[in-house]
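Labels A, B, C, D and E are assigned to the chains in the order they are written; within every chain, residues are numbered from 1.
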Amino acid sequence: MTNGQQGLELESVTKHFGGLHAVEDVNLRLNLGERRGILGPNGAGKTTLFHLITGVLPLTSGRIRLFGQDVSGWPTHKRVALGMARTFQITSLFPKLTVLENVLLAVQGLRKMKMVMLKPLYKYKDVYEKAEKLLTDVNFWHLRDQEVRNLSHGEQRQLEIVLALASDPKVLLLDEPSAGLATGESHEMADFLKSLDPGIAILLIEHDLDVIFEVVSHISVLHYGEVLAEGPSDDIRNDPKVQEIYLGKAE
Amino acid sequence: MKRKFITIIAALGIAFSAGFGSAQAAEVRIGFIAPMTGIFAQIGKDMSNGFKMYLAHTKNKMGPLDVKFILEDSTGKPAVNVRKALKLIKRDKVHMFIGGLLASTGYALAPVSNRFKVPYISPVPAADDLTQRKLFKHFLRSGFTSSQNSHPLAEWAYDQGYRNVVTIGADYAFGYETVGGFHKAFEARGGKIVKKIWAKLGTKDFGPYLPQIPKDADAIFTLMVGPMSLAFPKQFRAAGFKMPMLGGVTSADEFILPSMGDEALGYVTASQYSAALTTDKNKAFVKEYQQRYGKMASYYSESCYTTGQWVDLTLKKIGYKPDNTDAFLEAFKTIRINAIRGPVYLDAYGNPVHNSYIRRVTRVKGDRLGLGVKPNSLWNLVIKTYPAVGQFWKWPAKEFLKDPVYSKKFPPCPHCK
Amino acid sequence: MSTLLSVNDIHTYYGDSYVLQGLSIHVDEGETLGILGRNGMGKTTLINSIMGFVPPRRGAIHFRGEDITTVSSFDISKMGIGLCPQGRRVFPTLSVRENLLVAQQEHDVGYRWDFKEVYELFPRLGERAGQRAGSLSGGEQQMLAVGRALMTNPSCLIMDEPSEGLAPMIIQDIGNAIQSLKAEGLAVVLVEQNAAFAVKTVDRVCVIANGKVVHESSPQELWANEEVRKTHLGIG
Amino acid sequence: MTTLSFTNILVLSYNSLSYAAILFLLASGLSLIFGVMRIVNLAHAAFFLFAGYLALEFYNIIFGSLSLMPRIIQLVSWTLLYFAWRGLNAYVAPRHAALALLLAYIVLETLCSLAWGFRFFELFFPHVPVKPVDRINFPGMMAAIVVALAIAALCGMFIERFFLRRLGQDTLSQVLVTIGFAFILQDGSLYTWGGDNFMLKQPWPLNFSAVVWGLSLPQYRAFMIVIAVVVAAGLFLGIERTRLGAIMRAAVDDPEMARGIGINTNVVQMAIFAIGALLAATGGVVGGAFFGVYPGLDFEILPYAFAVVIIGGLGSLGGAVLGSIVVGFIENFGTALFPELSYFALFAPMAIILAIKPTGLFGKG
Amino acid sequence: MVENLAEKRRIFIVLGAFVALGAVTPFLDLFMQSLVTEILVFGILAMSLDLLLGFTGLASLGHAAYFGVASYTTAIIMTKEDWTWTFAAFQWADSLGLGLFYIFIFGLVVALAFAAFFGFLAIRAVGVYFLMITLSLAMVIWGLAYRWSAVTEGDNGINVLGRPSLFGISLESEIPFFYFTLAVFLICLGLMYMFVKSPFGKTLVGIREREERMQMLGYNIWLHKYLAFIIAGVFSGVSGVLWTLFNLFVSPPDIELITSAEALFMVALGGPATLVGPVIGSAIIRSLQQFISIYVERWPLILGAIYIITIMLGRLYGVEGILGLFGKFRKPAASPETPEG
C-alpha cells in the first residue's frame, strides 16, 4: 500500500496478441482526482490498454493496482465493484430500452438488490431517486421514456458517461467521448466533462485535441503500444517527438 | 388481441361441435389412427387403404348403418397416437377406434380405450402382453401377437436340420417378443440359440453388429423393421455371410419386398398372411388392391380389411346397435371369419387364432397368376402351412403365462457365447 | 485534363453518427491528390463512401461520368478504382501470391499489372510469394495491399494511410512506389495523417475537418500555411 | 461389455471408416456452410435425403428407355465438358484444366462405352457372372447421380439466394427457416415418392465383397471410403490450391475488403451453399445405396452430422475429417462393446468436448 | 408511481382474457377443452423459453430436455412400483391429497438439477455454439429416455393410469384438470411476470442488449445467465409435469429435437420478450397441428411454409412476432450499424 491518494497504477503492463505487441511495458499512475489524457495515433494500443485495465482482456505480463489492491487477475465486475467505471468508444448503451431503464440498470449494478427476482424493480424507490438525480443533473429527465436508439448521437455519447457515473466511481475511464460528434457538440462535451465532480479521477482517450487540452492536466502519448512521452499538457503540445507522430518528419 | 384470440377459439369450438358433435342414430363412427406422415407413412397408407377397400365393397355401409370413417394421422409417435385417440373419442365421439402401428402404440392406446370405455381394435400393434398378462377390457385384436408366428417358424427351422441359430433383432418390444418366441420354441425342440444381438431401432449401418455374428451358425433369425429390413440383408450378404436367413414377418413382408433385391432371395419368414396365397379370395384381393392402389397387398392391408369385415359381422350380431359397447365387445370375441388370410377366430384371451404360413422369398418370372403385379417381382411363396396357430403355440395357456413376457432377459440364453 | 472521380456534396452516417457533412472533392486523370486531416475527421469514411461500403445518404459520386453512388463495391472495383485500405487488410490466411491472385480481374483490354509487374515493383513480395500474408511484417503487408490493389488494374488508386505504423525506411519505399505509379499516369488518392509524407508525394491537397473540406491547395502552400497546419493537422 | 477378437476389430475398423465416410460427406457441407456464412443449416440432412430420392427417380427414368439414354448422356456430358472447359479456364492454369477435363472425359466415355456392351470388367473379374442389366447399371447410376446432384445444388442456391441471404446474421431466424425447409423437403419427398422404403442399386461390381486375409470386406464400403477420400482431397485442393478456393477464403477473411477488390461475395456465398448442398447430396446418393432412402432418414442422421462438426469444430475441413472418423469409430465400437450405451456413446463425449472446448477440437473463434 | 398506466391496462387485458378463457372453456366440446389445456401446457414451455431467448438472448435448441426430465420423473414416480420409496412416498402423499404437490416438487427438483448441470456445461458457449451444445445435451436426455428402458420403458413409453386428486377433488375429467392447469399457468405467468419486472429480470435484458456494458456496470454476466438458464429450466419442468398429467403417457418422441424447435418457433411467432406472445404462439402451433392434419394430409409441408413465411416476413418488415406487429406502428426500425472505429 503506497498512499491513500492512489487511484489506478499500471506497472509494466504488457499485452501481446501472438506476435503483435499491442501494449508494451506501460507504466502509468492516476491519483485520485487527477485527470490524465492518453494520446496516440490509430492503432497505438489505447483501447487495448483500457481493456487491460478493466479486465476484459487478460494481461500478458505486468501488474494493475486499483486503490492499492492488486487486481491483475480479477474479473471485470469485481474491479468495477471497487469503484471503477468506463465508457466505450463505440456507443455501448441498451438501444431498445428507455433512457430511464438504461440508467436504472447502471444504478443497480453495484447494489445487492440486483439479484432479487420476485420484487418488481419499481418498488425500489432509492434506485429510482438516484436515477432521477443523475438524469436531472444532465437535463435528460424529460427524455426518460425515450428509447435510447431514438436519441441523437450526441445525447447518446452523453448518456454513455451518465451510465458510467451511476455507480459513483472514483476512477473513470473515458474512451473517446467525443467520437462522431460535430464541432459544436464536442465543445459541449468538453464543458460537460469539466463539470464532473472533481473528486473523480479520469483517464481520457481522445482524438479531439480541443477536448483533451481543455479537460486534462497531464498527457501520456502512446505509440506502438509504448509510452512515448508523458507530462503536463503544454509540454506535450510542444514535444517534437509528438509533433512528428502527428505530422511526420519535416525535412 | 387476447380477446380476439379467445373469440376465435370459441368460435372454432362452436363451429366444430356443431359440425361433428351431434350424434345420429343411423351411423357408426369409426376412428382410424395410422401414420400418414413420417417414417411409417406408407404403412399407414396400406392400413387405411385396406380398411377403405372394405368400406368400398360395402358402399360405406354396415348393414343399415352409414359408416363415418375418420382417419387421423399419428405420425408414428405413440404420444400423438394418444392425442389423436382422445380427439376421436372426445370430439368425434367414435364408437370404436382402430389402428396404431408399433407395439408401443398398442401399449399406449389400450389404457386410453379402457379409460373412456371405447373399444380399441388393434389390427397391427402386436404387443404380446395385451392379450396375455395385461388384459384391457376394451382392447380387441384382429391382427396377431409378435411371437405368434415365431413359434411355428422355430419348429420348421428345427425340422430343416438347423441346430445352432443366431438371432439379430430390433432393440424394442416387438423385437424382443418376436425373437423371444423363436428362441423359446426352438430351444424347446432341442436347438440352440448361440448368440442374440440387439440392433438399435433405426440402425442404418449394421457395421457394429455384423462382426459379432458367428460364421459357423446354421442360420440367422432376424427381426427387422422399416428401413432396417432393406439394409440388413444387403449388408449381411455383402459381408460374405452365406447362412440361410429366417425372420419375423416385418423382415421381409410385402411392404418392403418390392424394394428388395436378389440379396433377399431365400429369406424365410412366418406370417398369418402372404400375398402369394393361392386361394381365390386372396387372388381377388391382391388383384383388386393392386388395381386400386397400385401396390402389392401386405399383411397391413389384409389385417385392416379383415378388421372392417369383423366389425361389420359383430355389428350385425348385436343388431347394429353400435352404442352398446359391452355387447359389441362380447360379440366381437365370438365371431368366426373366413378371412382372406384363412379362417380366424379369437381365443379366450381375445387373440386371433389363424394359420401360420412359412414363406420363402422367391423371384417369380412374369406376372404371377395374372394379378397385375409388376413382372419378375419377389413373392413370399408359402412353403408350409401350420393351421390354427394360437398365441400360446403348443403350450397350455396357464403354463405359458407363468413365464414373464418375452424380453431381452427372457428367455434366458444358456448357449450364448 | 478531365475529371476522373468526383464526389459532390455527400452526407454519410454511421448509424446515428453524422460523419461526412457535405463533402466534395474531385480527382483528375493522372493526378495525385492528398487528403489530410486528423483522426476521426471522416477521411476513412470518405473512402468507404466512394467504395460503396457505406453509401452516402445524400449526394452523388461519379467515376468517369458514371454515377456510382449506389453501385455495389465489387462493381466499383471492377470499374477501375483500386483500394489499398487503412490497416492494410490483407487476407491473412491466404499466401502472398493468393492475395494477388484473388484480386486479378478479367479485362477486355490487356493487363497492365500481373504478378511479374507487381513483383518488379516490390521485389520483397516475390521473395515471399508462398508465405501466409498474416505472417508478413507491417511494411510487407503494406506492399502487398498496394500490389493487390494494382492487380485489379485500376485507373484510380485509393490509398488510406499507407504510412501508418511503418518505419521511415519503408515509408520511403512506399513513397517511391507511388511516385513511379504516378509517372505511369495512374491517378492516386492518398489519405494521410502523416502530413509530411503526403506533402512530399502529392500534386494537390485537401484538408478535411469534421466531415468537410476546409482547405484545398498545393502541398507547398499548405506546408507554408501555419494556421491550417496547427488547427487541422498537428497538435501544435 | 463384449470382448472382440482381433479379426473383429479389423472388420469393425473397416466398417467404422466406411461409416465415417458417409458422415464426412454429410458433415463437410454443414461445416463449410457454417465456416463461410455462419449459418446453422438444419435443412442440410434434408438435402441428403432429397438427393437420394432424386437419384432414384432419374435412375428409373434412365432405365425406362435403355436404348437411347446412354447416347443422350454422352451428348449432355460433351456439352457440359465444353462449358466446364470455358469456366475452368478462367480460374485454373490451362494445363490443369486440360488434365482435369481429359480425365473426366475418359471416365464418362468409359461409362458410356460400358453401356454398349464393352466387357471391360469381365476381363478382370472373370469369376463374376455379369448380367446384361449389370452392364448398364454403372453408367446409369452415374448419370442419375449427376442429375440428382445438380438439382440438389440448384435447390441449395435457391434457398440461399431468396431466403437465407435476406435474413442477415440472425441465428434464430436461420435455424427456424432451415427447419421449415427441412419440413418442406421431407414432406415434399413423401408426397412425390410415397412413403415406401427404397434402396438405390449398388452398382455392379461393387455389390459383392472382397476377401482379404480371410476377412470378407464388402466392396461398397470401400467405394464409400474412396468417394469420401476423393471428395476430401478435392475439397482440400479446391479450397487450398485454386483461385476459386482462394476467393472463398478471402471472402471469409474479410468480406468487405473482398468486395473492395472486385469479388462478388454474393455469388461466392451462393456457390458455397450450392457446394454444401452438393456434398450432402453426394452423401445421400452414396449412402442411399447403403442405408436406403426413406422418409425420416434426414432427421435421423442430422444429429450425427452435428456430432461430427461439434467434435471437429465448425468450419474446418480437417475437423470434419477427424470428427467423422471419431464419430464413426465411437458409433461402431461403442455399439459393439457397450450395446446398452449406444445412444450416449456418441452424445456424452460430444457434451464433454463442448464443455471443455466450446468450439470443438479444431474450431476457430 | 413509476409503473405506468399502459402497463396496468395490459395486465388487466391479459388477466381478463384468461378469466374469459376460464369462463368459456366449459362450454366448448371435450376435444376443444383438452386442446385449450394443451395450449396452456405448451404455453408454459414457450414462456419459459422466452425467459432465455427473449429476455436473456440465449437461443437454446434443447429446451425440451428439462420438459422431458420433469415429465419422465412424474411418470416414473407415479408408476414404478418397484422403486419402492418414490412410489411409496407418492402413495402416502396422495392419500393425504397432496400427491400433486409431491409430483411437482419432485419433478421440478429433477428439472432444476439437470438444468443446473447442463447450464454449467452450456453457458460458456455463445451464439451458434450455445445452440449446438444445448441441442446435443437434449439429445443425451432423449437417448436416456430411449435407452434406459429399465426406468423409462424405452420406446414403449410410460402409461400413467390416472391423475392424483387435489384436496380430494378429482382431476380425472377435462374441466377440473383444465382449471388446475389454468391455475398453474397463471401462477407461472405471474411468477415469470414478476421475474422479468424484477431487478434480476431487467439485468437479463441488459445482458441481452449489451453484454460488455453490463460487465462494466459490475454485473457477473456468467452468474446471471446461469441462474436464468436454471429458472427457465424449472418452468420448463412445470410444463413437463403438466404434460404427463395431461397426456398420461410419455415416450421419447415427446422430447426430441422437433419439440425444442417448436418451442423456439412458438416464441418467435408470438413475439420474443413478451411472455404472453409465446402463449399465442403455442395456441397457433398446437391448433394448427390438430386442425390442419384433419383436412390436409400434407400438413408438415404447410407447417414448414408457415415457419418460413413468418420468419421471412418478420425479418423483412422488422416485426418480432405477432405481438410485435402491434408495436410495429409505434416504433421506428433500428439501424444497428457501428460508427467508425
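In the analysis below, a contact is a pair of C-beta atoms (placed from the backbone, for glycine too) under 8 Å apart; a residue touches a chain by one contact, two chains touch by 3 or more.
Small disclaimer: the values here were computed from a predicted structure and weren't measured.
Asker: D-E versus C-D: which interface comes out with more C-beta contact pairs?
Answerer: It is D-E, judged by the count of C-beta pairs in contact.
Asker: By mean C-alpha coordinates, which chain is most distant from subunit A?
Answerer: B
Asker: So what's the Cα centroid distance for subunit A and subunit C, whole Å?
Answerer: Distance between chain centres, rounded to whole Å: 33 Å.
Asker: In whole angstrom, how far does the Cα centroid of subunit A sit from the Cα centroid of subunit E?
Answerer: Measuring from centre to centre gives 41 Å for this pair.
Asker: Suppose each chain is reduced to the average of its Cα coordinates; what separation in Å results between subunit B and subunit D?
Answerer: 36
Asker: Distance from the CA centroid of subunit B to that of subunit C, rounded to the nearest Å?
Answerer: The mean C-alpha positions of subunit B and subunit C differ by 76 Å.
Asker: Tell me, which residues of subunit B touch at least two other chains?
Answerer: Each of 37 in subunit B touches at least two other chains.
Asker: Using the touch definition from the top, which residues of subunit D touch two or more other chains?
Answerer: If we look for residues of subunit D contacting two or more partner chains, we find 187, 342-343.
Asker: Find every residue in subunit C that makes contact with two or more other chains and list them.
Answerer: Within subunit C, the residues that touch at least two other chains are 14-17, 19, 40.
Asker: Note which residues of subunit C are touching subunit D in the complex, please.
Answerer: Interface residues on the subunit C side: 51-53, 72-74, 77-78, 82-83, 85, 89, 91-94, 98-99, 101-106, 148-149, 151-152.
Asker: Quick one: which bits of subunit C touch subunit A in the complex? Just the residue numbers, please.
Answerer: 14-19, 21, 38-40, 86-87, 161, 163-165, 168, 193-198, 200, 210-211, 223, 229, 233-236
Asker: Over in the complex, which subunit B residues touch subunit D? Could you list them?
Answerer: 37-45, 171, 198, 200, 202, 204-205, 207-212, 226-227, 229-231, 234-235, 238-240, 255-256, 258-261
Asker: Where on subunit B is subunit E touching in the complex?
Answerer: These residues of subunit B touch subunit E: 1-3, 5-6, 9-10, 12-14, 16-17, 21, 36-37, 72-73, 77-80, 82-83, 86-87, 90-92, 102-104, 107-108, 111, 115, 172-173, 201.
Asker: For subunit E, which residues count as touching subunit D in their complex?
Answerer: Counting only subunit E, the residues touching subunit D are 53, 59, 61, 120-122, 124-129, 131-133, 135-137, 139-140, 142-144, 146-147, 257-258, 261, 264-265, 268, 298, 300-301, 303-308, 311-312, 314-316.
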